[in-house]
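Presented below are the structures under discussion, each in the form of structure tokens.
There are two complexes below, and they share subunit A, which is joined by subunit B in the first and by subunit C in the second.
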Partner chain A sequence: MNDFNRNRFVEFGLRFYILLSFAFVFAPIAASFVFSFNSDRFPSIPLGTFSTEWYVAVATDPLVWEGLRNTLFVGLFVAVVSTILGFGAAYTDFRYRFSGKSAYLALALLPPTIPVVILGLAMLAFLSRINLSGQSISVIIAHIVICAPFAMAITRLRLSQMDPDLEAAAWNLGASEWSAMRHVIIPFASPAIFGALFITMAVSFDEFAVAWFVSGLNETLPVKVLGFLQGQVSPRINVIGTFVFVISMTLVIFAQLLLTGRTMDARAASDD
Partner chain B sequence: MRRSISLYGLTFSLPMLIWQLVFFVAPLVFLIALSFWTVKNFKMEPDFDTVNWVTMYGRSVFWQSYGLTLALATAAAVITSILAFPCSFAIAFKLSPKYRQWAIFLMVIPFFTSYLVRVYSWQIFLSDNGIINGLFAQVGMGPFPLLNTVFATMIGYLTLTFPLVVLLQLFSLIFIDRTLIEAAHNLRCGRIRTVFAVVIPSARVGLVIAALFCFILSFGDFVSPVYLGGGDPTTLSILITDTTKSGQQWPRAAVIALTMIATLLAVAFAAVGFAYKGRTK
Partner chain C sequence: MQGNALVTFDGVIKRFGNFTAVQKLDLEIHKGEFLAIMGSSGCGKTTTLRMLAGLEAPSEGEIRLGGKPINDLPTWKRDTPMVWQSLALFPFLNVIENVEFALKMRGVGATERRRRAGNWLERMQISEFSERNISQLSGGQRQRVALARSLVVEPEILLLDEPLSALDAHLKVRMQSVLQNLQRELGITFVYVTHSQSEAFAMADRVVIMSKGVVEQVGSAQEIYRAPRTRFVAEFLGSSNIFAGKVASDGTLETATGKYRLPRDVRGNASKSAATLVVLDTRSYLSAAEPGPEFDRVKAKVVGEEFTGAMAKIYLETADGSEIRVQSGYDELADLPMSTGQELYVYWRPEDGHVLPIA
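Then we have the complex of A and B:
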């Protein structure tokens, strides 16, 4: 049907351009992986020999473990709270119409569009005013502000595929609002809820700027990486980078499988 | 569906509202107050003094940074949009639905994987004895200074924004009515002309929004200008981190931050106005 652009050369060129784009996007991730196993201290080609010495160096560094512990602690907390807040806001949008709704939605979706340096400064100034800066809780608070909108967007997308009459049907059959929530809404939204948990954890896991501003001594792993970057070149960053990539990619891939998989089911079902 | 306020409804709607009012709106509003505070003997004191505004706006360094940041972010928005368009166009029109889903799947991944480490990784490519100069050396050329240049900063901005811009462009391209394109084709409109006369105008909203997001992200980013651009000349984001991290000059940093927010709001309104211009919806 799409027969403008039949020219072979153009067809090939465009497809090649897609590959080139992906090469650009994934090159740094691949390079980090390759050079984490390289014996040379200073990355250059030709490569040195295969070596796991940098992995050993990282694994035996107590600072890295401390950062990782902070990151995981913060990430889990942030994921759970953000998902709850995001679900509530998405459900509010799905179910209710009220004046000021667009302001409510803006508030629930805007934070990730504010540059992180500005958010970081504002959080630092505000949290230190109420004696909450320089702790893990400061990072958690700030990350929930950034992550809850992602959870909201994901859940909202899922709920928008739901027939609003389903909930009403449950009420008519005698279910209370709460049990309709438990037996109709939550089961339907569950792929999005898990997807939101994974995505928000990935976002928190990678967020370094706001965390850098507010964390004080309780640095998360990405903040430690920022510290390493300010020092000298070290293949250790590649090791940590590879580790971080593997974790966040796993989380994001899981989330995507959950979300798109069920969406396709729904589409297939509605096509019948 | 319209119901009066109930405990049930509030349980779901209030937590987000309260959290974002207390920890998002309040800090930003506090930033305004902070910009009028004074610093005496390395301690901040609540005050209502315009000294920070006068000092910052009186410095030529500040305006140089402002101009530079604006220029860099604008360049990033234009360059990224142009480089991303053939990619999103090809994914939208040249791939089967199955491969298109795969492409979207792959483009979402980098958006959520550490930008910081990816920037570090670009140093491996761009440094004087890095991969690219290593390849040049094999054929007897170089080394070319790539790191600590505007070029490197742009690579960093592209790393940050390219996947997002492709996705946003893609979502507007997918929803173009394909019969429009066929009509153009039947009317013997050439290939390139169809892109400029039919595809781009139909997808205008998405294209402008994508460029806007690229602008916002590049405008506020401090990682690329520092670790790829070498930190010199200074962008506003570098100015904020330096001012904040080196002592108690937070009120001055607040002035910079508020100026940035005002600029972003102006740009966002202009862009959205342009995107929806002539639309009645």
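Then we have the complex of A and C:
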């Protein structure tokens, strides 16, 4: 870091810029966090006194609990299924060469690029036609469509770091294709698999638009928040916002730790 | 050597799309021999090894191991462990777990597995690293882990795909002797694929030279060195001067640079036919004055020299532009004028010449 080739003013300027960007991104979230502990009913400066009354209000609201239960149930289910699907797609890309592979990859990675409103509307139209709208399963299906590409991208990145001889070496040493999958591919990809579980769960946990279209009465927490907003302005939104933010960030940080930790191992290994 | 074959390639052809990697390979690999398959990249040597390991299926022909056809046997059911160029050690397993892997796949119990793997670590002198991660080992230590991992199943044959290519020169030589001793002690067959002549010639009982999917020559290092069979082999070894021409009616070889006598045993062969004479660079000499009539000679200009300690390699060019090399002791060259462009006589005894069986 104490490289004499660097200009100290430029260095300072760049650091200041980074701080500014973070402030810009996190200020609204921080505001929501601060106001969630404010006794006043409306978010205004100067602040009232410190209070946890809104937390109590949220914790005693059965509707919030129901939303949380729905969100968690959907999130877990989505995380597991989309990670399995994403792993399968990534392994297909790693292992096989076939014509139309780039089209296959493009299709598999497409869903997150579709505007969520369009995706939500299409999901609603489709799911209601096959009598699957307005249930938890509808949100699960829709979220899997959105999340599986993330799981695939993460697993694919990890598999691309794998020496392609590794799997063949396992076969060569007497492992059948299933054993090689179990004893070589999955252990190697495990940081990415866990990372994908956390990320997909976080995505599902946060996702609002599609869930709003298809959830019906089984609203997830973000959809509930909108319901609150439309009904009344209440600092309870700040509480839920803070709560959702903390959970999502925790999941993302877990994923990040898993993914970068192993990458650094691999880098250290290839260094000598 | 009939009946002594452990592996037989019987008319094996391997195509990848329009590209034929191996063309009609007939080869026997004997029990307990150290066989090297040598050639430049793309010659089909690795494909040959991978077919034996069951990682590629032959397009035509049959491969037999111990007399039994193995074409349809998946790689995990063959006992043909391989040491990979990349070593392909499992990075998420420690040293002893890597070595145990093959035993685990064969359903050997945990204690027995650990004991047998431990024995191999001891034998390869890496017991102290048994709990280490692969990333904590040096190149030479990894090499030993890879060997132990393949040998732990006590196979009849071990396949090696350029395993030493990543090592530095010093370690390479040391691992060569480790491999050679190991092969002698175990008495099993080693099939060693390499592009390095020095590795192949230093270790192997027999060397197979391949080019463009075709076997150019099979033989001991000495046989190949003294009597290359084809022009490709002579050029690949780079240790001979090559003169191509036609056999004249008086039994000499007429070339663009002069008339040369042929060695006694082939003199008078098929007059007017094309023939190629090769003379080892260590049996070629230099002089400023015209050599005696007992020698054949060609005039050539010095283009460069390469000194390697006591020996020197002189590069010259004949009037028709072909390259001539002379390898000689440093002392013998001391009195010669050696500046670039200097014309000298390159001479040799006719009986040191070798006529390629296939011109």
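Just so it is clear, the second predicted complex is superposed on the first by the 261 of 272 C-alpha atoms of A that agree within 3 Å, B and C clash if a C-alpha of one lies under 4 Å from a C-alpha of the other, contacts with A are read in each partner's own complex, and residues count from 1 in each chain.
In this section, contacts are C-beta pairs under 8 Å (C-beta built on N, C-alpha and C of every residue); 3 or more make two chains touch, one makes a residue touch a chain.
Please read these numbers as outputs of a predicted model, since none were measured by experiment.
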Clash-or-fit label for the pair subunit B, subunit C on subunit A: fit
Touched partner set for A:Ala79, first subunit B, second subunit C, both or neither: neither
Which superposed partner A:Val58 touches (first subunit B, second subunit C, both, neither): neither
Centroid geometry (CA): angle subunit B/subunit A/subunit C, rounded to a multiple of 10 degrees: 100
Which superposed partner A:Val10 touches (first subunit B, second subunit C, both, neither): first
First, second, both or neither for A:Ala170, with subunit B first and subunit C second: second
If touched residues of subunit A are counted for subunit B and for subunit C, the larger one: B
First, second, both or neither for A:Val139, with subunit B first and subunit C second: neither
Subunit B versus subunit C as contact partner of A:Ile154, first or second or both or neither: neither
Partner chain in contact with A:Leu68 - subunit B first, subunit C second, else both or neither: neither
Subunit B versus subunit C as contact partner of A:His183, first or second or both or neither: second
Smallest distance from any CA atom of subunit C to any CA atom of subunit B, in Å, after fitting: 8
Subunit A residues contacted in one complex by subunit B, in the other by subunit C: 168
Contact footprint of subunit A on subunit B as seen in their complex: 1-3, 6, 8-9, 11-17, 19-21, 23-28, 30-31, 34, 84, 86-87, 89-91, 93-95, 101, 103, 105-110, 112-125, 127, 129-131, 134-135, 158-159, 162-163, 166, 178, 181-182, 184-185, 191, 194, 213, 216-217, 219-223, 227, 237, 240-241, 244, 250, 253-254, 257, 260-261, 264
Contact set on subunit A toward subunit C in their complex: 163, 165-166, 168-176, 179, 183-184, 187-188, 190, 265-266, 268-269, 272
Interfacial residue positions of subunit A with respect to subunit B in the complex: 1-5, 7, 10-11, 14-15, 17-18, 21-22, 24-29, 31-32, 35, 42-46, 84-89, 91-92, 95-97, 104, 107-108, 110-111, 113-127, 129, 141-142, 144-145, 148, 152, 164, 168, 177-178, 199, 202-203, 206, 208-209, 213, 222, 225-226, 229, 233, 237-238, 240-241, 244-245, 248-249, 251-253, 256, 260
Subunit C residues within the subunit A interface of the complex: 53-55, 74-77, 80-82, 84-86, 88, 90-93, 101-102, 104-106, 133-135, 138, 149-150, 153
